[in-house]
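One chain, chain A, links the two complexes that follow: it is found with chain B in the first and with chain C in the second.
Take a look at the complex of A and B:
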């Protein structure tokens, strides 16, 4: 018996030494380290834990981790389930599976960089905003002179909805001068002509809308100087008591003529002349940054979930499905009452694996979140790294966070081990 | 235990053998080393010891072209002394790299430190060695007091400020200036007026790389230095006055005159927050009309212009000094790479001596992308007028320049993405109306990082 014990011990020794050195010792040391201050020499008891729980940054991280653990694995598993069930029915299922699984071959770092570009604000650079801006522009085309605004000191003042309205009322015979600035010369249509003062006379209200900026400078504000171009195609409305009574468009030299009914009304340049192009969604802004990063994660891991679930699906006895069909069950009923319950063990495995995976999420957040919103996207693993090495250099508090992270992973681990044991017993 | 001792013994043997071999090499090579000490041009301004057979290691953050240029400087040193010098890039976290090397007992002979704070910290720990008489003689001859002081700690000289950066420059697109009919502004008020005119001409005037936090700290520092003067600047840098001080309020209010006006920023303040530094440079010199007319940052912008755009420096892209704010002098904020000895050896001292001479500075200066704080270096060695102008501004500032404030601060406050000053000024850019809130956030973070409440 004794020799058997020693032989067993001898065989176990390499594993024990490795486990001890690589797992048990680091955990033990982290716990010890978390009780010391930043320099590692002064014992501070549990004060580091106090710091962890009083720091709003860490609290955001805990909150975000909770969001991650709930949202990311469930969406990923649900998508994986849908893909797995659908690809079973499709002829090109394998090819489809291959494509969905492909992101798994990319490292988290590369995926992070890819999605940093996808979420770029500028629609000319970020694919997500390019798509949204493209759809948006179909329904509301951009204006003729985006970004234009009245010359400061001119008679125009900002009014509702980004339009500009004159302070004085229009009179027949007195031409209205409506100077605009803020348009690059190069953005004018090539047909733009020298701005002209409108001819007076007649009973109508006339005026000029022009670019009151002479290239190279030297123009007088509010005066039509030689070299200043008229703005073609600007809508000018005459507004009286909040109602549009007349409307006209400017000609190539910037002049417009409104009918006599416009006299006594205020002139308005509606916002449709100036509306800037749609800027897209602020994906990496404070509110959307975490959901955006979760999106990147789902893109990566849906393939993983799909492959595991598809493997489980292959093990579902066909006879059961056939029997249900014969009994007159619909596809949805089969899916809900037969496929999903039979797949439950696999789904739990996928869900739990992803949960553990998500709790330690680090790289995607570190790479995708820009500096300005990094704190909004903060997760525990990132906080742990930043506190210990990234400028804070307080490995005491860092160790405390790592212990907290360990405590959060433990219940999931215990659950997983129990489940595996139960399964083995069966 | 025993095995490790044997290993040590073996190592020692090897070392001894190497020394003997080295000495032998030295003996055989000594015949030609007399003329080896002379550079081909015969313009050597300093006598360096014969170091044949010695091996030196120099560590610095540089990679790519900067590393190549530094290696050219080192090649000249090798030629003059016969020593061999290897260049080791340290990666971004230089102090961590050097710290582990030193604690592991394998420090490089000489390192170039980019932050005076790190120099102080290393001097405190006794990791770096004071300079010898030979180095000091070169420093006294070639550097102004202010520059020497950057390499000193507690009155003792440790380092040689080898490479400088001028961080008080505004780069502009000459075509955009021409189209708007404006000229280079000299004061902050002029600057704002110029920006307004450019905006009227239809080009966004100022490009700010707000997605990175550090350009914002530099914006602030220049305003603060010019408006509040060097004394206040030093006090704030050491956190002897709080960020809630009225002087900070004034500086932020001044800055808000720019940051708070969407017409003056490329993309408005929201767009600026989404623009990283390389893009802020690229958009200023790309397109017709360009994405912006001016971009602020140090001399290194030149490198980004050449690599990321088609603009030619000197014709399409020019530079003017940061304007004077509120009646103060135009600010000059700088960065510097300071060479220090980590070993107390003849070779390390000789290398420092060489780096302190105009001979060393000239080699890199001719290649471009380099400014020397060495006042005896002839300005004609710089490759183009723009660089020459920048170098002249740097030397002309005398001792009125100040070192980049955020680089003097603890890294947690002045040097970490998404934290401290970087983050607080990004929040300020997002909400430029809230000066008091920004001050409060800055003070809270500063108190935590400096640890002196």
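Take a look at the complex of A and C:
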């Protein structure tokens, strides 16, 4: 029974009006607009497309988009597959899936802020660098007083490898005063004590290493004034003829005592006292910014891949797997030869969905990439936004970028239409 | 490859779990889950620390110094009228954009599933084609269009844009679901003399409940979480929370006491919706693959 025309029109009209005005018409408009100049008044032919493919900024964006489209979907899908396989039939697999899937529910803005925090450079603040610094410190402990240097005029001069050595030789009974500066007072441990003059006497060589800076001013250079703190834990070596003959560490008040054998040697503060602490990986620097943002994306979308693949996995016939096992196939073989091929359609859907999604990536890049490296992280959707709205005012090039994005999803569009047509003929 | 004996456990995971390596699998999964949770936990704990603590050390410090925990940031945030205003805007944008997509999508979905009119298949294939059209193609033209009719910068404009771009998926999902309704049910209603509008509202809509729920939740989260569309079509008065926070990101570093709780507040509703309606959300997401 053919429905009366106006009945059908009534049901379809709101949808068709909105789709026509805000989706279909804009496609035509953008295509035409991309052939005009920045102000939209002069026809320039394909020059805007020439700009897209020659401007270094957009070229970086195209290159980064290519990296995104290749890397992000494959890693996300691979992780999704691993998670789906691992959690199948694990009793609390659902809880695991919930945790991994959860980031899907939040905005890319929130995810962006979350990962700005994760990627903070300072290992004291960013959890990614804190983890790496933790591992790093196990192998090369960072020094206690990075950046410290002798007070100018003191009896210490730079020696090999960033160490400092006294010009005069140490004598038992004459305390060696080794004043340092260049450490912010706030960086001292809270247990730092008032520096003390070393106790003379005995046969050993004594001395003090202290921060020769008096908060509030009024300190005399090279003299231990009240209020100046001793530097605890500094290594002091006695060196004679290039060989270390004795070594000691300073106490909380900065004093140290070397055995009598140190008499006549020069005192050296080895470089290990001053080596800069581990600064952390520059996640959002020029080279790593795109991989880092891709990491945030994988965190968000692995759950999506996992859930779809798990649904596909549930459809794999058990008898087939059993049969293969009876035939003596190993688990890895079964996975490679049976499970993955049977999952292939699902894997393709996941990959294609993620590719389309990644092609339009915008929020994550805009939020996570700091101003300094935004150009290194540039992607097409962000370039479009910046060119046409945020600052730039060239809607001609912006339109060309948008048409380029549309062209890139065209194959999927055609594929979808064909698939539905085939299904409907059946 | 060695031969494996047949067991009742039939999957790789189950077999791993049943061996000595089972403990290993369990530990691996727990580690992965913690790893996945950590960024979000970091955000939450950061939002619960004062700005001085945030500047001095990482959020994990709070685990050994729980006295750092404070609701001061949240109190300040919710006392900030710009933020609460933008939260309300998010609501004013999301609810209409969701309702409109569901209603208009259901009407069209019904027409494509059960009404017989000229060019039906052709129209439907056009809608399928629109599924993957990137929003970027429409930003410049629609900004101009909205400017011409005077709704650029308004909540109305943002809602209409979201509705239009939500429609292809809505129509696609609902048509497929409605088409599965047994023909006899509709025929019976027609024999009873019901018109198309009656059939739509008394037969199709109630039966379409699950699909409508999936669509509604999917669209709700989609719009709630959007930043790009609002960045362009809203102005400072109609901007949702995502845009309000985005403007803070430029000074990232010294305003984490605003950004962290702000991001968390913006996540609360989506997370509640997500946990309350996981099943519908998952089926919406699955149906939305290749969007």
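Everything below uses one rule, namely that the second predicted complex is superposed on the first by the 276 of 426 C-alpha atoms of A that agree within 3 Å, B and C clash if a C-alpha of one lies under 4 Å from a C-alpha of the other, contacts with A are read in each partner's own complex, and residues count from 1 in each chain.
One rule holds for everything that comes next: contacts are C-beta pairs under 8 Å (C-beta built on N, C-alpha and C of every residue); 3 or more make two chains touch, one makes a residue touch a chain.
In this text the structure is predicted, and so the values were computed from the model without any measurement.
Once chain A of one complex is fitted onto chain A of the other, the partner contacts of A:252 are absent, as it touches neither chain B nor chain C. In the superposed model, A:71 lies in contact with neither chain B nor chain C.
When the shared chain is aligned, no partner comes close enough to touch A:35: not chain B, not chain C. In the superposition on chain A, A:371 makes contact with both chain B and chain C.
Look at A:288: by the touch rule set out above, it reaches neither chain B nor chain C. By the touch criterion defined above, A:85 lies against chain C but remains apart from chain B after alignment on the C-alpha atoms of chain A. With both complexes placed on chain A, chain A has more residues touched by C than by the other of chain B and chain C.
Of the two partner chains placed around the shared chain by superposition, chain B is the only one that A:213 touches, whereas chain C remains out of contact.
Applying the stated contact rule after C-alpha superposition, one finds that A:330 touches chain C and leaves chain B untouched. Within chain A, the residues touched by chain B in the first complex and by chain C in the second are 120, 370-371, 389-390. Chain contact summary for the complex, chain A toward chain B: residues 120-122, 147, 149, 151, 181-187, 213-218, 282, 284, 369-372, 374-375, 386, 389-393. Residues of chain C touching chain A in their complex: 1-4, 6, 9-17, 25-26, 28-29, 32-33, 36-40, 42-43, 46, 54, 56-60, 104-105, 107-108, 110-111, 115-117, 121, 123-125, 127-145, 160-161, 163-165, 167-168, 171, 196, 200, 221, 224-228, 231-232, 242, 245-246, 249-250, 252, 256, 259-260, 262-264, 266-267, 270-271, 273-275, 278, 281-282, 285-286, 289-291. By the touch rule above, chain B contacts chain A in their complex via residues 96, 178-182, 197, 199-203, 210-213, 263, 270-271, 273-274, 276, 288-289, 411-412, 415-420, 422-423, 426-427, 430. Contact residues of chain A toward chain C in the complex are 1-3, 5, 7-8, 11-12, 14-16, 18-19, 21-27, 29-30, 33, 83, 85-90, 95-96, 98-110, 112-118, 120, 124-127, 130, 299, 304, 307-308, 311, 318, 321-322, 325-326, 328-335, 339, 349-350, 352-353, 356, 359-360, 362-363, 366-367, 370-371, 381, 384-385, 388-390, 395, 398-399, 401-403, 405-406, 409, 412-413, 416-417, 420-421, 424.
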